[in-house]
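Order of writing sets the chain letters: A, B, C and D. Residues in each chain are counted from 1.
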Amino acid sequence: MTLLHALVLLPALGALGAAVHRTEAYRTGWLLVIAALHLVLTGLAWTGAPPPTLGGWIALDAIGLIVLTVVSVLFAAVAVYAVGYLRRENPRGGRAFVSCLLAFLSAASLVALSHHFALLWIGLEATTLAVAPLIFHRHDRRSLEAVWKYLMLSSVGIALALLGTFLLAASQSVSGDAVRPLVLEDLMAGAPQLHPAWLKAACVFLLVGYGTKMGLVPLHAWKPDTYAVAPGLVAGLMAGVLTMIAFLGLTRITQVMIAAGLGGFVTPLLLTFGLASLAVGAAFIIGQSDLKRMLAYSSVEHMGLLTLGLGLGGGSAYGALLHAVNNGLAKGLLFLTAGNVVLAAGGVAGDQRGLLRRAPASAILLLAGLLAVAGSPPFGTFLSEFTIVRGAFGAGHPWIGAAALLCLAVAFVGMARLIVPMVYGTSAEPGGREARGGENAWLVAGPVALALGVLLLGLFVPPALQRQLAAAAAVLGGRAP
Amino acid sequence: MSWSPLVAFGVTLLVAPALPGVATRTRSFLTGRRGPPVLQLYYEIAKLLRKRAVYSATTTWVFRAGPIVGLAAAVLSACLLPLDGRGALAGFPGDFVLFAGLLALGRFGLILAALDTGSSFEGMGASREAMVGAFAEAGLFLSFTALVMATGQPALTGMLGAPLAAGWSASLPALVMIGVSLFVLLLAEASRVPVDDPATHLELTMIHEVAVLDQSGPDLALVLYGSALRFTLLAALTALVLAPRGALAAPAALVALPMGLLVIAAVVGVVEATMARLRLNRVPQLLVATSALAAFAMILVLARS
Amino acid sequence: MPQLFFAGLSVIVAGGLAALVPSRTPGRMERVFAALVAAGCVLVALAALRVLVGGDAWEVRVAASVPGGAWVFGIDALSAFFLVAIAGVGAAAAVYGATYLAAERSHGGVPFAHAAVAVLLVTLALVVTARAVVPFLLAWEVMAIANFLLVMFDHERADTRRSGIIYLVATHTATLTLIGMFAIWSASAHDLTFASLARAASTPAAGLGAVLVLALFGFGVKAGFVPLHFWLPGAHAAAPSHVSALMSGLVIKTGIYGLLRVIALAGGAPEWCGWTLLGLGVVSGVLGVVWALAQHDIKRLLAYHSVENIGIILIGMGVGALGTAYGLPAVAALGYAGAILHVLNHAVFKGLLFLGAGAVTRAAGTRRLDALGGLGRLMPMTWLAFLLGSVAIVGLPPLNGFVSEWMIVQALLGAGLGKGAIRAAVFGVAALGLIGGLALACFTKVNGVVFLGRARTAEAAAGREVGPGLFVPMLGLAAVCTLIGLLPAFVVRPALAAAEVVIGGDAGAHTVDPGTGAAWVGAAAAALIAFAAMGWVAYRVLMRDRSRVVAQTWGCAFSNPTPRMQYTATSFAAPVLEPFGAVAGLSVSHQGEEYRTHPRDPWLEGVILPAWRRLRAAVARAQELQLGRLHVSLLYVFATVVALLWYLASRQVP
Amino acid sequence: MSGPAELVLLLVVLASFLVLGTARLSTGVRAVAFQGVLLGLVPLLLFPTWSWHRAALAAGTMAIKGVIVPRFLLWAIREAAVRREMEPRLGYVPSLLLGTVVLAVAFALAGRWPVPEGGGTLLVPVAVATVVHGLLVLTASRKAVTQVVGYIMMENGIYLFGLTQAERVPFLVELGVLLDVFVGVFIMGIVVFHINREFDSIKASRLVEGAE
């Protein structure tokens, strides 16, 4: 069994193991071990590209490697956090919780590795199913509503994506039977022979399908509610990993379209979705009173930025991929911290005051997260956003660049107005909730690691990563700036 | 360096206390009174210098330093004017900024000295001094700049000396306006009617007088002489603009200097006799109007060349 | 000499770290911090002076592994001039701060505040030495963040938090604008070093017009000229005094530096840019001082004076830009040099004034002008330093403020004597005159109300002189003011050298002879001091054998005046402000026989905040569309599918 | 493409219209079930030659879509005591009209696509129309159950299209079954949590939150 199999099967087995295990301590330990192993395997994947398996259905290319790394790193941070979390808030022994987490990891890895559109789709559907119980962890009416809404919307999306996949297969049927159907390499190779009519239709439905999972406006409606009720770490996984792999689906179809010379068809769609998401996300950040809700809109905004970069191509595509990494880390950081705030002070994250006194680590992490997600130097998000915007101007879309910057500014105002008062002041503020302490190492380690990661990426992007980014961007008609 | 600027400098310092006297005398004459003798201020200064000084318990060294700094600044600014119409003791490009700055420094010292007493009356006077100064400054700068534009000379020596005399007739209207605005500034600086009334007796209506209410003895003498000197300098300035003597030979120019000063002083007296002092909140308007006049002069100059 | 410079920076960083080291004896680590930072500043200053005097500018390339090419740092005359200011004021403020914050050790944040000061100084130095986009923006934003943390030092106070948020939002928006500016500019450049930006500037693709507009906004917010000043007074007032000194003296100057650097890289600013700078300068110069007059809080008052002085600097830059645009190199050189010199001067005397304000606040426990008074005799050292600073900021001889204003006036005159439209610039002189006059009114008010007369409250009466840890730095800065006033030539030449960097080439070198004029100014200053001294001696001699009569202040026959009868700051400023009407930003209230004025920033309170509220209301209305009803969301999906099918149909040509 | 196949496809469309038009919930469910059975027939009719794979596919489809899921759903309706009306948001007549429009558009659109081998001219438009009809029901429905019904319809449409690829692409159609897993989840949701209305009841709280 090769490395690639291991990356998928290990977490799957872990999920089973967690499901059967009796005692909780084992279960959390199990979680940590699997996360660590997965991290190690991912590291191995960097050392040399492993050969494709399953007749090319599973392979690892540059984009896949980048996504896989984000998935693995973020999951490791979440796993560490989960240990602390389950000690504090654990209604039902956390059996379902841990095994769903691991199942999610397995599915996400599958998506990252699959070079077969049907397999990709399966992986995405599996993640959707695996996350549902996690969101529903608290078993109250609000989370029930959120889950229902999430499942309904994303399964509609998934269904449309399946239709898109069928259409893609249909587009291939025209071009001889020598090709392996729906296998990425063959699609790319035979792209010119693909039937454009079917291909365009496929593109449209895949865009809607995966766009729904990414949460692009106007398909984003599930995001605020879901992120608001889901436990911090689950929201972090969704904002960091789920959106990331959905974005991978988007890049896959985009790359086929570009190879087929239909870039002119997909680009306007990407730009439209991107700008809409940016604008709506930014506008709705203003005046949110619930931190996690606000972060959901911020996630919408940044998905818009990614889509925009994808649509702009050129240096922006490179920037978008880099931003996918940075945004994943930053969102993980913020959601985990938000979870901490809720654990420390109770209530909705957002009505606490004076955290700097009561929960200093979380307070500082909140500030760092605010700056990181706002793309201010020296955080990595700055480099990626700058690259995207620069690409926009380079590609002759000055207004898009300007609009993006405007949205980022508006978003920052909104976020600062919520977060700064939470961090500073005293808990005696009017309308302020008494902030209690209660951070422990497990709860702080994860976000701190993520913060350091996104900070490091602002000062030093490892050459290896740069190479992979360049390679990935090249496939998307982009280039290193 | 010829001797005439030095002589002119000496003459100016010498005749300074006479000018307020002349102005007052003219005024009294025109209003049908005898008025104090022209040399009254000399007597007063001489007397005050012999007296002891009374100091408020509130005051600090600033109270005593104020008049001295004011006088020093006035004397130094006297060195910058080409009093003999040809050359100054010292001059360099943009020295009018220094001239204005020195006048301002004098005001600064005076105001602080007034505030040092902690008296509400002198606070009132100080605030009014500050107000007058604030609005006079722009006019002063504008007048000087207009002169620079008219003569192309960035230094006082040039803009008031021979070059001015040479191009005088050419830009007469502008120069007249500048002269008028300088004259109004003189009235403000030397706190004469219509800006202030040195002869009034109600503290609440005073500006300069009430600001030096607590000064006494030699300090008061310094204050009096300093303000007389400022009066003289601005009078000289006005005279130089309205009647450039750059053309005259040195002796004639030297004789013309006190003449010009006395004439200006007399005109001040005439104004005092014919006008009533303005309400305080009208003073800024007068000064702004003066600035506007100077600005108009400058526009004329700019338009001409 | 790179080694020296970076050695200095690392020493400063070491100082910052030292502040974080816990020590059993309180204050030891603070002293270490102060010593190290001061030493580091000395090294940095030396490195800068080598360039200013020796003229050997240098650049180093750091191979950084981030997209966008190498990181370059370098010192030329322009950077060096700013570095000198940073090192000088930085050292003074750090030493002062070490003692100043000792009173708040209980606060807990003190070590972090010291560390943040160190970071602030280092990033300031890096901002003015960075020669590539990425390191510049890194240093720029880290500087802003460190500054924000310092502003928030006293975050238990609601108004501090409010000011802090406004500051954070403003500065981050500025950074985004700069990101946009560099993005536009570098889109056609082949990497992100300033060198290649300069090369790209010649190509029309660079879109220099947009670049300059964005630069004006982005750097303008930092520099804080009207109408972008809205964050400035609140933040300056909220921060600890030595931080206010750093902000007003150095941080806002980075905005000026940025503009100058952009102009230098762009190969000169076009005509419209020059006029814009000049206009902005006049507006913020006049409004800044008017609004300052209206203030009751000594630190807010000083903050508004920063707006005013930035205005003066802009006037110089504007006429400089016009000089290049109209081909008058001498005017350009004088204008830029005057502006650059005023940057240094303002850094020194405004730093001094803020430190003084801090000392007063410590001594009397309040920043309210009308609660102070009579502190001059209680704290003579502070008073002396503050007085000198006031004379300097008003631009009076014999101190340094006068020198730079004199240079700027000369540039304006040169413009006026030039050919064509540029002659209109000469009206700037009038603006300088007005500004000077108003500033005089304002600082006589401050000195009179704070230091002269009698104490208006018991707290003020209880004020005592602060320790040497506080007044020595102040006196040091005051000494600098005096030295520059007496020996202008020594700063005028470097300023001209820095101006030549901005103009490009040595255009100004041969056309301007700074020597004689500056020498005259210095001589005049010396003469003035000499006259005053002589007068003082003569006066002493005259009064030698006369007994001094000490009596009560003459109250015009009113027997016993009380401190409450003294003229207040409000009443002092009233007649000056009255002619300005609504612009003065004063709202007056009468309660019974009580008469109060409340200063309010017409721009922030009147325009910006209402606009923000309106935006929020609009968004709230928009959010009605988004109440999370499932069927609405499904409707969105349905609509999207239909729209996309329509798009598909429209793009399907059989 | 043979006559019977066309007939079947037309019946599929009619079933969708029945769902759009009926007032009774049970009728809707039964119509969907009927649609499932029809889908089961399609592969047999599309390709006259016999193949075990196709037979199995047909059997499985009929079993799941025609019998199991609908039964499950009806049971859920009884369990959760859901009221027995469809009550779409836009009345029955408008839905029918809209459905017709959709059908027309689908045919117009499909005219521009090539005919997948095996699938006749009717198949693509019918599939697309069914998908959109499903979305229509889904969007218009007031309660969870009808949402599920709409979802199943949409799914049927997709499945229908998938059948054209069944021959070439292994496991592809079988993926469609995974969608039924979702359906199962939904139905469980209905039963376990007695979701008989869409969450308007607790919207008030959300209204406040959303607006702030």
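As a working rule, a residue touches a chain if its C-beta (ideal position, glycine included) is under 8 Å from a C-beta of that chain, and two chains touch if they have at least 3 such contacts.
No experiment lies behind these values; they were computed from the predicted model shown.
Here the chain-to-chain distance from chain B to chain D, counted in touching steps, is 2.
Comparing the centres of all chains, each the average of its CA atoms, the largest separation from chain B belongs to D. Simply put, of C-D and A-C, more C-beta pairs touch at A-C. Here the chain at the heart of the shown protein, by mean C-alpha position, is C.
Averaging Cα coordinates per chain places chain C and chain D 69 Å apart.
Mean C-alpha positions place chain A and chain B at a centre distance of 77 Å.
Chain A and chain C have Cα centroids separated by 43 Å. For the pair chain B and chain C, the distance between C-alpha centroids works out to 36 Å.
Among the residues of chain D, those in touch with two or more other chains are 112, 135, 138, 147, 199, 206, 212. Across the assembly, chain C contributes residues 620, 623, 626, 628, 630, 634, 637, 641, 645, 648, 652, 654 that each touch 2 or more other chains. The multi-chain contact residues of chain A, meaning those touching 2 or more other chains, are 148-149, 152, 156, 160, 197, 201, 225, 287.
Contacting chain pairs in the structure are A-C, A-D, B-C, C-D.
By the touch criterion given at the top, residues 148-149, 152-153, 156-157, 160, 197, 200-201, 204, 207-208, 212, 218-219, 221-222, 224-225, 265, 269, 283-284, 286-287, 318-319, 322, 356, 371, 374, 376-378, 382-383, 385-387, 389-390, 392-394, 398, 401-402, 405, 408-409, 412-413, 416-417, 420-421, 424-426, 458-463, 466, 480-481 of chain A touch chain C in their complex. Remark: chain C residues 64-68, 134, 137-138, 140-142, 145, 152, 155-156, 158, 161, 164-165, 168-169, 172-173, 175-177, 179-180, 182-184, 186-188, 207, 210, 612, 615-616, 619-620, 622-623, 626, 628, 630, 632-634, 636-637, 639-641, 644-645, 647-648, 651-652, 654 touch chain A in the complex. Within the complex, the chain C residues that touch chain B are 373-374, 376-377, 391, 394-397, 402, 405-406, 409-410, 412-413, 416-417, 423-424, 426-427, 429-434, 436-438, 440-441, 444-445, 447-449, 452-454, 516-517, 520-521, 523-524, 527-528, 531-532, 534-536, 539, 542-543, 546-556, 561, 563, 565-567, 571-576, 578-579. Note for the complex: chain A touches chain D at residues 118, 121-122, 125, 129, 132, 141-142, 144-145, 147-149, 151-152, 155-156, 158-160, 162-163, 165-167, 169-170, 173-174, 177, 181-182, 195, 197-198, 201, 225, 287-290, 293.
Of all the residues in chain C, the ones that touch chain D in their complex are 620, 623-624, 626-631, 634-635, 637-638, 641-642, 645, 648-649, 652, 654.
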